[in-house]
Structures are given as structure tokens and as C-alpha cells.
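Order as written gives the chain letters A, B, C and D; numbering starts at 1 within each chain.
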Amino acid sequence: MIIVMKPNAKQSSIDAVLNIIHSSGLDSHISTGKEITIIGVIGDKAKLKDANLEIADDVEKIVTVTESYKLSNRKFRPDNSVIKVGNTMIGGKELIIMSGPCAVEDENQVMETALAIKKAGAQILRGGAYKPRTSPYSFQGLEEDGLKLMKAAGDATGLATVCEVTSLSAIENAVKYVDMLQIGARNMQNFYLLKEAGKSGLPILLKRGLSATIDEWLNAAEYIMAEGNPNVVLCERGIRTFETATRNTLDLSAVPVIKEKSHLPIIVDPSHATGVRSYVKPLTKAAIAAGADGLMIETHPNPARALSDGPQSLTFPEFEQLCEEIRPLVQVMNKTF
Amino acid sequence: MIIVMKPNAKQSSIDAVLNIIHSSGLDSHISTGKEITIIGVIGDKAKLKDANLEIADDVEKIVTVTESYKLSNRKFRPDNSVIKVGNTMIGGKELIIMSGPCAVEDENQVMETALAIKKAGAQILRGGAYKPRTSPYSFQGLEEDGLKLMKAAGDATGLATVCEVTSLSAIENAVKYVDMLQIGARNMQNFYLLKEAGKSGLPILLKRGLSATIDEWLNAAEYIMAEGNPNVVLCERGIRTFETATRNTLDLSAVPVIKEKSHLPIIVDPSHATGVRSYVKPLTKAAIAAGADGLMIETHPNPARALSDGPQSLTFPEFEQLCEEIRPLVQVMNKTF
Amino acid sequence: MIIVMKPNAKQSSIDAVLNIIHSSGLDSHISTGKEITIIGVIGDKAKLKDANLEIADDVEKIVTVTESYKLSNRKFRPDNSVIKVGNTMIGGKELIIMSGPCAVEDENQVMETALAIKKAGAQILRGGAYKPRTSPYSFQGLEEDGLKLMKAAGDATGLATVCEVTSLSAIENAVKYVDMLQIGARNMQNFYLLKEAGKSGLPILLKRGLSATIDEWLNAAEYIMAEGNPNVVLCERGIRTFETATRNTLDLSAVPVIKEKSHLPIIVDPSHATGVRSYVKPLTKAAIAAGADGLMIETHPNPARALSDGPQSLTFPEFEQLCEEIRPLVQVMNKTF
Amino acid sequence: MIIVMKPNAKQSSIDAVLNIIHSSGLDSHISTGKEITIIGVIGDKAKLKDANLEIADDVEKIVTVTESYKLSNRKFRPDNSVIKVGNTMIGGKELIIMSGPCAVEDENQVMETALAIKKAGAQILRGGAYKPRTSPYSFQGLEEDGLKLMKAAGDATGLATVCEVTSLSAIENAVKYVDMLQIGARNMQNFYLLKEAGKSGLPILLKRGLSATIDEWLNAAEYIMAEGNPNVVLCERGIRTFETATRNTLDLSAVPVIKEKSHLPIIVDPSHATGVRSYVKPLTKAAIAAGADGLMIETHPNPARALSDGPQSLTFPEFEQLCEEIRPLVQVMNKTF
């Protein structure tokens, strides 16, 4: 931590800051410039976190030097994490594709989808049983019945399964049926839910919040990991910007940034990011080329009749074709699929 | 709902859309332009919500005409709502000031604060017992013990009290001690929590999400109101933008926009919006002049030692002075304080 | 300038950075923490601006401590600037209102408007003769003929005049007719135009860019001032965000931020910020209460027939009423109007 | 164009709107719903552009149906444009790489760079002679001397050349020396400059503005094309968002969106988008996989001593390696390089 004093700060103000630092059991280094004095703090800055040095007299600003996330930080764990979900490993050499409907609607829909995506090569079945919808009057999900349908489809096909959870009771249900829990974008800073997900023991798919910085995202992962659960997979799904041609703006820079800052795997969801079916294919390829560990792609037997997010869902033939088209690209990227 | 067809759409595509509309029991009007055909849907568009007309052949775009929120919509309730919190009314002629520390820390802090803000003229005591913090290693709040301190301070001073809730169990605790529940910005689209808050029976202070549109905000209010709880007060607290001079960008336009679109009261929180003590006073005045029904302003006996958000908290003398300074302004705005 | 080294940086990397600093004729202070070494640079950091220390080995990040703008910086000129435009002073005790049509259309329109706003109390006539329009097929302005109409209206009423300029030739024309040049939001980082405006000798109204930070805005002012022209007035007119209920998001926090960082006057344009007539009045009041030195408000004899931005223009009776309504507020703020 | 009336609009208001439409020589279709009346306008909506129907009585909103850009619109020209720059074609089967320094500094730097990028496979040399810099105290470019160095390097290597222009005089100089003019992000809505660039006769590289929507970007292209110059290449270079891990947020969705809406070629600049050297490689690959027609990548003989944007520049060996690595990817995408 560095404390930058205002130009021509009074000596008494500088002494006051030093006093706070030293009385917290920390050391300091002073750098006196022509106009500005800078104070470096040596030691565990956590001891100063409630000192509010920003508002001490003549303090211009505080610069933090170390990240607040530790468990998710590559600095403290240089090797890539590889996370086991069912019999599938995320973060290794294999490109992972999670696919399925936005919302679980009925048995046929889920089973048909599971069979179709399995055939195309996907490894994980996704499907929402608890749906966070902007309006209370939109379809809210089948809840536990939906989870059961997911389990049945997973059992029948050997696919691992992932479902979003939106409350403690949803977690308590989901752990009985699925292989991975998803924390959605709107709940990325629902810290209560993150802690409960951490305690669940299951691997967690953590979607980036609509306006979350990468730093906040890794801090959200830290909430889960601090509960003793190291199995977190990050999912970039678009951030909110002024552009309206796509539902959100897919931030593919997040892939190399996360790879640099963290050891956790990262996958990309072009379906929710764009909201437009025809953009899913080029952005799937872009995500693979950027180095993503996997993808989440929405599919539906009949998108025109989907109860949620139909316009962005691929049909089975479209999905199958996409999976075929990416194979040579995956190979070029030195991965398998 | 209006369906805009692509230029030179095939007649068969137009017929297909009409067929979907009519088979849903709705009527249509066709407007055939030189290049473009437009189809208006007449009747309850909710019947079409799962039809995904966006992806029917030759459809260019769907334009929705009516808002999805009803209970919070001024179109359906032209008169201002006035919400009772303790013995205070929000949304009427009196300007309401909620004040107190970001986080409840101990009995002295809360009681001192309650006495100081009461003396200055504030009507409602705020204080966080459940704190959503970016990092899991920051202070997370006193939880039920904090709620008890709030109740004691409210009882001693006659101030109404408001506390943020972050989970069902927090709600279950809070209803025993406080007069109003706050849903924080990070939980504005935690729909599970909104529903539970709606069932609590207490009035709800609903903060705007960091990247929530006004439309989404009113839909969030709708979640609470759809549970039979009409007592929602909105709170603008800054949105996330590219600007870094302030922590968030206070969107004061939201005040007249909400007044036009909704009958619910709206208050403004300049402390969280800016994160900087010296900007609180001018923006408090601006909020009053914009027509806000009240303010939420952080105060602390000793901001330099606050466990949360000290840099934006006012001291008691600063708060008292602010309350004095706004009195002539409140009068000019035809309100009382 | 502070250089933060990576954890466990090699001594040779630290020495390399020191070598660059010292060979540029500057001094350094080293602060060696448990994990991290920090190097403070003492002296004129401009000497290092092309050293690209960011990419020296083992450098984590560079923290700049001093602002790059000097002439517009309050640190180097503590007293408020008061700028003379015609016979009007901006930045002093008097609240200044600039008003008029978005685009100059014809003689009657300009003259009628000048008389109406003069009567209501405005001091400066605005009107666009060179219009930056999103589409090339929209009305582009009357150019020099428009400037002449502005001059005639200014002469007839004694109002000072301000017109936007969009090119060197526009500046060359405008200096012959008007009292103040406006640099529009889209040209805020047209550095060539800023320099030419600086050389013009006239006071400059510098609108904030749609996505300009306050720091960039003050650097744009610096371009003008570095040409020997200290007469710059800033104008907040809304920034681009995700919100669509208003055309832009008016950032009223910019008023106290600018007042703290700079000595230049700042006015607010609620018409362009919101794009909606009914929001102009509450935000005008809010701007005054936030401490703005003035306002820019669009008026038109017949908004329904305005060639540009009609929906946000006030009629004359609306403008007159607004000017009446703000008088007690101006008084409360210790200003005159 | 569709006019949506307010719920329960008065018949007189509806008649007034119809009257405006009909008196402009246009036809209308009325669609009367249970609560809302919708009026479709049939004919050339340009006739109504100054009618400001938004503010007619009882009008809720206006929905525009057709884009305002025509020449750049794929609807009116379904086939891809292929643009000739020197002897290179952009928009065809060959992937085009533009490379070179951010700023032209001296003869050696430019010549060395031209030889190195030519050897690696790049087809176009870029280099800034007129530099738009945030601060007036940063290096502003060699101007005409820089253009001469670019021409010499182009002549010596056979590479085509592209330089940014920032004023009419810069255009007048540049046409004498280079093969393509670049309009930079900060000037994307400098409509005066766009028109002059259109008149220059040279192909134009049009960078997306920092906060420009895709719609505004295509309208900016329209300004150039409306001057009779169809040779516009678009360049996505990152948009401004709240994220600070990268300098801007590269919007790769823009590639498929532009491909859908326009026939113009689009290239991607990962160097300016991220500002970080290590992110350039993964995002270059992602851009190719997304379907971009080319790339703009900064290189410098000695990034640590570059006068502008050193931290994002690749060294020659890094660039050469990148060009090698992308070859199999280009092949998979059915392109050549």
C-alpha cells in the first residue's frame, strides 16, 4: 500500500499518517519528492484496512499494490487448476462444451436435447430449473421437478449436468441431482449465495456479473474458495455497455486477462452475450481462438417455442454443424474435442 | 406489440406470423409500406410471450409497446404513493432523511449516531448489520446483534429504522427488529430475495442496481409488489460508468424519469454514489432540487475509524450543518423538513 | 511517479529501472516491502514520459501521482476564473443562462428567440450554424448565413452570442460574428480544432465528450489554454451509459468534481443530456443547487417544427416560467439572476 | 416509421398526427388495440424528419424501422465490398495485416519496421505522423516529415501505407504520400473531416469511436461514401466501458454484426483495444476466428523506447512468431495469408 500526500502537505499530517502505520505494527518508507511525499507501507496491509487513511489530513490518494483475492490468484498458485465435473475435466487439454436449453420445460425436451448434444460431442448438459427473469410475470422455472429431469437425462446419456441456483433452498435441492452448480450473472455479488455454494461441495460455475470488473469477479470466486471449495470455473457472458446491436458486449479480452491473473478455468457463453443466434457461431470460434477452456451454448429442439431465450438458441442441426466446424480449429489450438 | 417484417418479406412468412397471432386468440392489423410490412398485435400480448416471433422467418424486429411492470406503473395508478415507515411518511410533503453508519459496529456508535441525526432533523436511522463486501476478507457485519442495536437506538430516539437484508434468514431476523428492509444494489435482481421481501409485510427500500436500467428497476419493484406488498421506496445510488473521479455516477435524471413512469417515492443516496465526503453536500442539494422525496446520507462519529465506507461518511457537525443549509432550499421546493 | 515491481522481482530488474531513472537525470527512493519493492521517482517526470517503464522486466505497474494538466488545475491557481463573454461574466456571482435554438433556421426564428430569452432573463444567445449530425442526410446548418443572423440578434438585444465551430474555416468565420466559440461533445478530442480555438482569441465553451473522463476533459481544456487562451468555460452535457430512458446520463457530480480539481467555470446543459423536454426543468434546478455557474437550455418558437432537437426544446412560455421558478433557488444558493 | 400513441389518446390527438402525415404527402395505417393506437407511416419517412412527432399531443414514442445509412447498408448491396489499397485487396480471401509503429519517429525506425513486417508477411505499413494525444505536452508527431518517411518505406518494400489524418491540412499532405487515410477513434464523428476524407479519393480506414454504437459508425461511413467515395474499411479498436484491466473493451461481436448489416470490410486492432502486449496474440487469433478481414497490430524495433504506446507494441521477433502461429488458423478459416 502506498500513501500519496497532497502537494506541500504539512509535516504534522505526514507524522500523523506515519503514526497510524507504526501503531498498527507496520513499517514505512518515505519518499520525499520536490512537491509530493509518498509513504510506502511495509507489512500486512490487512492491519490497516479499517484505518481509512484516505481521509487523514493532506492525503491525496491511496494506491493498493496487492490484489485482495488470494486463493484464486495465479501469483500464489502458478499452475492451471483442472476441475472435475462428473467424469469431465475442465481446464485441461480438452475443450468442454456445455449445452442445453435456457429453461427446462418438460421431459421430452430435456431428453431429446441431451441425446442430440451428446451425439454432437458436448460433454455437459445445462438447463435452468430456477430462472431469474426480469419480469415477475415471465416463466420462473420448474424448480425441483426440473432438477429431476436434468438428472434423468444425465443418467441416460452419461453427460455431466449443471443447473443455476438462486437461493439456499435451490442449492439444497440441486446437490441431490446435479454435478455442478451455476451462480448466474445477477447473483455474482450475492455474497450469501456464494458462501452457501462454497459449502455445497459441488464444483461451481461462476458467471460474470453484468457490470462486474474482472477484479470483482475474482473476489466473488474468492468467497466460494474461502469456504474450502477450490472447484470454481469462471464464465464470461457479456457485460453491459451502451451498444444495443447485441444484448450484452462479449468481453473476450477477459480470457487472456483471467489466464494471466488466475489459475481458474474460464469458459465463454456467446448465447447470452449476444442474444442473437447468428452471432453464436463466429463468437464460439473466437472464444476458442482466444484460449477459452470451453463454451456454454444454448440449444433447443424448437427454439421458436422455447419458454425462455428462444431467439439465441441453436437447433440441433445447427449445433451439430457448429461442433463439426470447430474441430479443425480446436486442433490448431492444440486442444482436443 | 408490433412485428416489423424484413424488406420484401415473403407472403408465406407474413402468413406464418399472422397464423401464430391468430392461433393465440389475438387480432392483428397489417400495415403494408413500400418496402416493409408491419403487423400490429391487438389483445393481451402475454399470450404471445413464449412465441419467440423474433426468429420466425423474415421478421426484422419486435417492438414492445407496453411496459411489463403494472403495479408500479403510474399509468395504472396516477396518484403518488405515500409509504408509512414507523411514524414517518415517505412520498408526501415532508423531505425524509435517512442517516447513520454504513455498518453497525457497536452500541455506542449506533446510539450516538441516532441521537445526533435526530437532533439534526433526520427521521430514519440506517445502519448495516449484513454487509455485502467485495472481498470475503472485509468486515461482514454484526448480523442479529447489529439489528438489536438498531432497535434499541430506534426505541430510544423514536426514529424509524432501516437495515439491509441479504438472505431469507436475514429477513426473518430483521422483521423482528426494524421498520423497513433495504434491498441493496447488488441484490436488485436477486429475485428470490425480492419475493421474500415482498412477503415480509414491511416497507421495502429498493436500491437501484449498479447497471440496472430504470425499466429493470421498476420490474424489480414489481416482484415485491406482486407478493401483495405495495410499500416500495426506490433509492438512486449511482450507476457504473467509465468515469473514475467518483465511485459511481449519480443519475439524478432518474428522479424525474421515475416520477413520470411510476407513482412510487424515490430517494437519493449521494454517499454511496460518489464515495467522497466533499461531494455529498452539493449532490444532496441537487437531489432535493430535482424533486427527490428524501435522502440517504452516511454519518459516523469518527469516519476515520469506520469499519466500512469511512471516506464518504459525514461527521455529526458536518451533517448538522448540511441539514441547516438545506432548510431554505426545501422551502423553495415547497416541502417541509 | 511510482514504479511498483512484481513480487520477488530480480535485483537486476530493479537495477535496470533505477538505471533508467538516474540516466534521465532524476532521483529515486526505494521502498522494499516483504514481497514487493516500490520505487519512487523524484524530479520532473516529464523526462521519463517516453521511457515506457511499464514494459521493463519485472515491473508490475506505474502509478502517476500528478495530473498532466497544469493551466486548468486548481492546484496551481487556487482562485476561481471568471470569464468575460460580451458584457457578461461567467464564473462569478451571477448565474448565467445561455439559451436559443439547437439550429439557426431563419431570421425570424433567431430574432424572436433572442427577444424572448432576453425578456425572461437569459444573458447569452446560443444557436447552431454548423451542426454535427449523426446522419449526412440530416440538416447540416446555415453556416456563415447562420452566424450573421446570430450577430444581428445579438446586436439587436445586447445578448452575447455563442456558436459551435466544427472546422478551421468555421472558426475563421465565427470570430467575425460571435462572442464565444463552442467546441461540441463530438469534437472534444479533436485536438487540431482545440488548438485553433485556442488561437482564436475568443472565449471557448468546451463541452464534455460523450465518453470523456473528467481528466480527459481538463486535458482538452489544457490544449486550448496552452495556446495562450485562458478563457475556457466547461459544459457538462451528459455522458453515454447503458440507460436508455434519457438520451445521455447527466453527470451532475461533475460540478463539484470540477470545482475541486479546476478553477474554470462549469455550466450544465440539461436539454442535450436528457433529450426530453419535461426533464429539463427539474435538472435545471438540480444543476443550480449542485453549484453550476450557469445553464444552457434549448428554446424554440415552435419546437414541433424545429429542424433539430425539437423534442427537447422549451417553448418561450415554458422557458419564461422556468426562469421565474429558479429565482428563489438562485437566491438560496447566494447567487444572482 | 411507427407512431405509438399513449393509452387512451384523444381522437383529436390521433387526428392531428394523421394530419401531419397526410399533409407531408404520406399514407398511414391505423392499428387500434385495446389500450393503444399505433399508426404506421407508409412512404419516404425523410419527408417527416423535421416534424418532431415525438412531441405531438398524446404520442408515446416513435419507432424507426429503416436504418438511416443506405450506401453502407447490406440491404441495398448484398455483395461484400473489396477495397483496393496500393496493390492489396481488403475484404476478399486474403487476410490483411497492417503493422508498424504507433508514431513515426525517424527514418531508421520506419525502414527497419517496414522490412521486418514485410518479411513476416504483413501487407500494409501503418505509422502515425499526426498523433492525437490526450495531453498537449505529449509527442504530437512529425507531420509531413513523417509522411515522407512512410512513403520512402512503402516504396522500398512495396508495402501499401496508411496514416491517420486529423485535419484538412493533414489530408492535403497525406494524399501526396500514402495509399490510405485513417480516421481515428476520436474523430469518428468529426463530420467535417469525414466529408473531406470522402473527397480525397483515397480509401479510408474508419476506426470506431470510443463510445460509438455500430449504427453511428455506419452513419459515419455514410458521410464518407456520400461524397462519392465507396472505399471504406471499418476498424474495431475497443469501446469504453467500466472495465479497467484492459485500456478499452474489444468488441469482437462487432465483426459478425457488421458482416450482417454492411457490405464493408472490417479489421480489428487488438493493440489499441487492450493496451497490453501479452493480450495481442490471443485476441489476434480470436479476431481471425470471428471472421475479421484483417488486423492492425503495432510493432516497434524497441518498444521500451517508443515515443507512443510502447507497452502495447510487439517486437519484431514477437510479430514474426505471431504471423507464423496464425497461418494454420487462417487456413482453417478458408482464408489465405
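Please note the rule applied: a residue touches a chain if its C-beta (ideal position, glycine included) is under 8 Å from a C-beta of that chain, and two chains touch if they have at least 3 such contacts.
Model, not experiment: these values are computed from the prediction.
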item	value
Pair sharing more residue contacts (C-beta pairs) when A-B is set against B-D	A-B
Fraction-based call for chain D against chain A, same above half, different below	same
Distance from chain D to chain A - Cα centre to Cα centre, in angstrom	31
Euclidean distance of C-alpha centroids - chain A vs chain B, Å	26
Distance between the centres, which are taken as Cα means, of chain D and chain B, whole angstrom	38
Multi-partner residues of chain B (each touching 2 or more other chains)	211, 240-242, 244
Residues of chain C defined as touching chain D within the complex	46, 49-52, 54-56, 68-69, 130, 132-140, 166-168, 170, 186-187, 189-193, 195, 210-211, 216, 219, 222-223, 226, 240, 277, 303-307, 310-311
Chain B - residues contacting chain C, complex	211, 213-215, 239, 241-246, 249-257, 259-261, 273-274, 278-279, 282-283, 285-291, 328-329, 332-333
Complex contact set, residues of chain B against chain D	2, 4, 7, 29-36, 38, 40-44, 60, 63, 65-66, 75, 240-242, 244
